[in-house]
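Next up, some structures in structure tokens.
Both complexes shown next keep chain A, but they swap its partner, so chain B is in the first and chain C is in the second.
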Partner chain A sequence: MTFSAANVVAVGVLGLLGVGFYGLLATRNLIKVVVALQILVKSAILGLILAGYLRGQVVLGASLAITVIVADTIVAVIGLALAVQVRRKFGTLDLRSLSTLRR
Partner chain B sequence: MVSNAFLWLIALPLGSSPIIYLAGRLTRKQPRLKLAQWVSVLSLLAAWWPFIALARAGQQSGGFSLTFGAVDLRFDGLGMLLAGVALMLATLVAVFSGPYLTGEEGEEKYFALLNTMTGAMIGLGCAADLFNLWVWFETMAIASYMLVAFHRNQPGALEAGMKYLVQSAAGSVLILLGISLVILQTGSVNLAVIRSAAVSLPGSPALLAAGALFITGFGVKAALVPLHTWLPDAHSQAPSGISAMLSGVVIEAGLIALLRAIGALAPTTASWGYLLLGIGALNMLVGNLLALRQTQVKRMLAFSSLSHVGYMLLGLGIGFAFHVEDGFTGGFFHLLNHGMLKGLAFLASGALLYTLYISRQQYCPLMISDLAGAARRYPVAAFTLSIALLGLGGLPPLSGFMSKWQIFVAGFRTENTWVIALVIFAALNSVLSLAYYAPLVNTLYRQEPSQAVQQGKPMPFLMNVPLLLLALGSVVLGIWPSLAGWITGPAGAVLMTLVVR
Partner chain C sequence: MVGVMVVVIVGAIFCALQSMRANRLLVSALWLAGTSALVALAIFVMGAPEVAVIELSVGAGLVTVLFVFAINVAGEEPIKLKPLVPRPLSIGLVALSILLLGWMGMPGLLSILQLNVTFSLPSAADFTRAFWEQRSLDVVAQIVLVFAGVLGVLGLLSDTETAGGSSEETQK
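Our next item is the complex of A and B:
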């Protein structure tokens, strides 16, 4: 494997994906869950840019990436708004307290 | 003329959403006016005109395209099916939700988001490129996150909303990674270009991986079995109108997005069909077994949605794997029927939940035992709920039976032993599902009313209208199933041209 820009970015995509999923599974704090989701989306954004670059479609990749950034910000805002409500109602941000519904 | 109608079909529900919000805010001092609700109902009713114009014109030409810059939309059979089901349910839910939300804070947000969600679903059905598909999908998802957590003072609703948001957002990241792989392999996001590239790349690992990512990502929304865990919480905690929308169209919209993406990759391998069949079998079994042990009405209905997605997948998988067109049309007919029947079931149980608890400012789940003897005091709600349950269980004069029958016939037509075994398995599952539908019907018609029924308030008149219309639709389609052919036939034909090389 050569040390090219594309390879470095590809490693970045996989690395962020791994970190994001690990964060989702390991963390118990709602704010950290939202952060983990953000890391996951960053991996997808890098992936889109990389794919566009490798196919010579830089504009396509970049425009898709910008759209994803917008959509993903809205998701983060809603996630954090829910976290605020959870803190108000449950008095804690711990995920374990959030399992009152039966299976 | 036709492209104008197309524009209006998407613009009416989406564009009316800020107007609804403003109308609701400005008349906040006069809650009895219900201006937000009526603007929402009128805009959804108005969207029927362009829909009918397009459906009529589409009978001759087979689809219209609309392009704004990079946004590429196409109104074909699949788009027409989803737009029809979404408009039908959204209109009735908007009528129903007015009385349901009486005295509730934030009504204007509810109706504005309902219209946004409907518009996004119509756009999703018509998306002609992968990225467009994702954007509409995400718009629909964002509107539905907020609607699930609408009762933001209820701990259960917050929990369900959070669970739904995290799972869906993780799923949508997988879709984006799939799109990256498709761009890497084909250099385009246009579904037609991807399909022609896939023909020359049979078994390409990147496209196979992309397909798997699409199935996982869209599968979260379509409630494919290992990814379904958000569904029972979200469907049972959302306001009942939204439960009807979620179960009746949103999971189906996920399924149609999945079919669009997999349809473009269909030439890569024949295994997609087998995969759908396998997941379908799992969905039927798990959905039915989990529904059997529920004591809350809305949770039981939510789990039964899993098994109905399984029946749809059975039909669609038969189409994909064996190129039997009846499989596709049967699957889509079941999608239409599930939209009507499950929508009806959630609305009818929502009407009972409202009269028994919410109108008395109590927010507790509706238990099956609460409904004992409800038929005496609430004859319309009890009767329509029974029709919905029996239709979902597949009793003959109702439409649920007809679509299951069509899927089973398509299965026998493959003349493949495994598929026939699977069809028999599905039929047994259908019988098993009666084990939880029938006792609920029995409870409704019991002699002694439960305490909750005795204390219940009278049912608002407006709630009866959507219930009766949906029940009538299901009976009519059960007696003349060919009436649905104009909407399910073109949708099946679209997928058929994608899978046959």
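Our next item is the complex of A and C:
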């Protein structure tokens, strides 16, 4: 069985998704959570392009991917501004110490 | 063709893993820029150069500058924090979810093999028509998003400054 380039991209989408999920689970730093979100969105962009390409509608996938890139950048900007403000107000970026629900 | 794609995708996943494993935030942001550049390369090879250019300039350029700026302002946290979820449990959960996704997508992945499609570049006129005419609602949504983002950042960054300034004034 030989792999086509589309199969390789599909494996890449799954791999980036896994790394992003793991980052969301394993990190406690607010800025690193934004990094994990960025990796997840990169996987989504790659998936959109792959889907458009497989259905023969590359331009549709491309225009949707551009919308996702814009939304993702806005999310990163807002998240980082939030992290800066949290650091100024609480003096830490640790998610555990920000939480008010104690175990 | 397949060889190039394998190198690009493996490199992207490696960069993403390194950005999650890095202890310093700045190193993590730089590995993320590498992931973004390699994903842009994969998109270019798949025949969407417009998206590749935007991904490269925004994902690897603007977002990295924003990360460096935010880390500069907020500062590094030197203490290595223990994750909230135990590491083996999180690795197991992620592996399980990816395996399930792959299993669900396996018929689709195998049918890709039979399709035997070739990567081809659509013309720029096709993309212009699809983006500005067929998806004009998306363009409106993007403009609204950009304005919402600018207003959100202005609100977030200016609120406490004015509050702090007013409290200082009242203390005087």
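Going forward, the second predicted complex is superposed on the first by the 99 of 103 C-alpha atoms of A that agree within 3 Å, B and C clash if a C-alpha of one lies under 4 Å from a C-alpha of the other, contacts with A are read in each partner's own complex, and residues count from 1 in each chain.
The criterion applied here is as follows: a contact is a pair of C-beta atoms (placed from the backbone, for glycine too) under 8 Å apart; a residue touches a chain by one contact, two chains touch by 3 or more.
Computed from a prediction, not measured in an experiment: that's the story for all the values here.
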Touched partner set for A:17, first chain B, second chain C, both or neither: both
Touching partner for A:54 - first (chain B), second (chain C), both, neither: both
Which of chain B and chain C A:37 touches, first, second, both or neither: first
More chain A residues in contact - chain B or chain C: C
First, second, both or neither for A:82, with chain B first and chain C second: both
Contacts of A:63 with chain B and chain C, given as first, second, both or neither: both
Contact residues of chain A, present in both the chain B and the chain C interface: 17, 20-21, 45, 50, 52, 54, 56, 60-61, 63-64, 67, 71, 74, 78, 82-83, 85, 89
Contact footprint of chain A on chain C as seen in their complex: 1-2, 5-6, 9, 12-13, 16-17, 19-20, 25, 28-29, 32, 35-36, 39, 42-43, 45-48, 50-51, 54-55, 58-59, 62-63, 66-67, 69-71, 73-75, 77, 81-85, 87, 90-91, 93-95, 97-98, 101-102, 105, 109, 112-113, 115-117, 119-120, 122, 126-127, 129-131, 134-135, 138, 141-142, 145-146, 148-149, 152-153, 156-157, 160
In the complex, chain A residues that touch chain B: 13, 17, 20-21, 24, 30, 33, 37, 40-41, 43-45, 47-48, 50-52, 54-57, 60-61, 63-64, 67-68, 71-72, 74-75, 78-79, 82-83, 85-86, 89-90, 98-101
Touching residues (chain side chain B, partner chain A) in the complex: 70, 131, 135, 138-139, 142, 145-146, 149, 152-153, 155-156, 158-163, 165-166, 169-170, 173, 176-177, 179-181, 183-184, 187-189, 232-233, 236-237
Chain A residues within the chain C interface of the complex: 1-12, 14-23, 25-29, 31-32, 34-36, 38-39, 42, 45-46, 49-50, 52-54, 56, 58-67, 69-71, 73-74, 76-78, 80-85, 87-89, 92-96
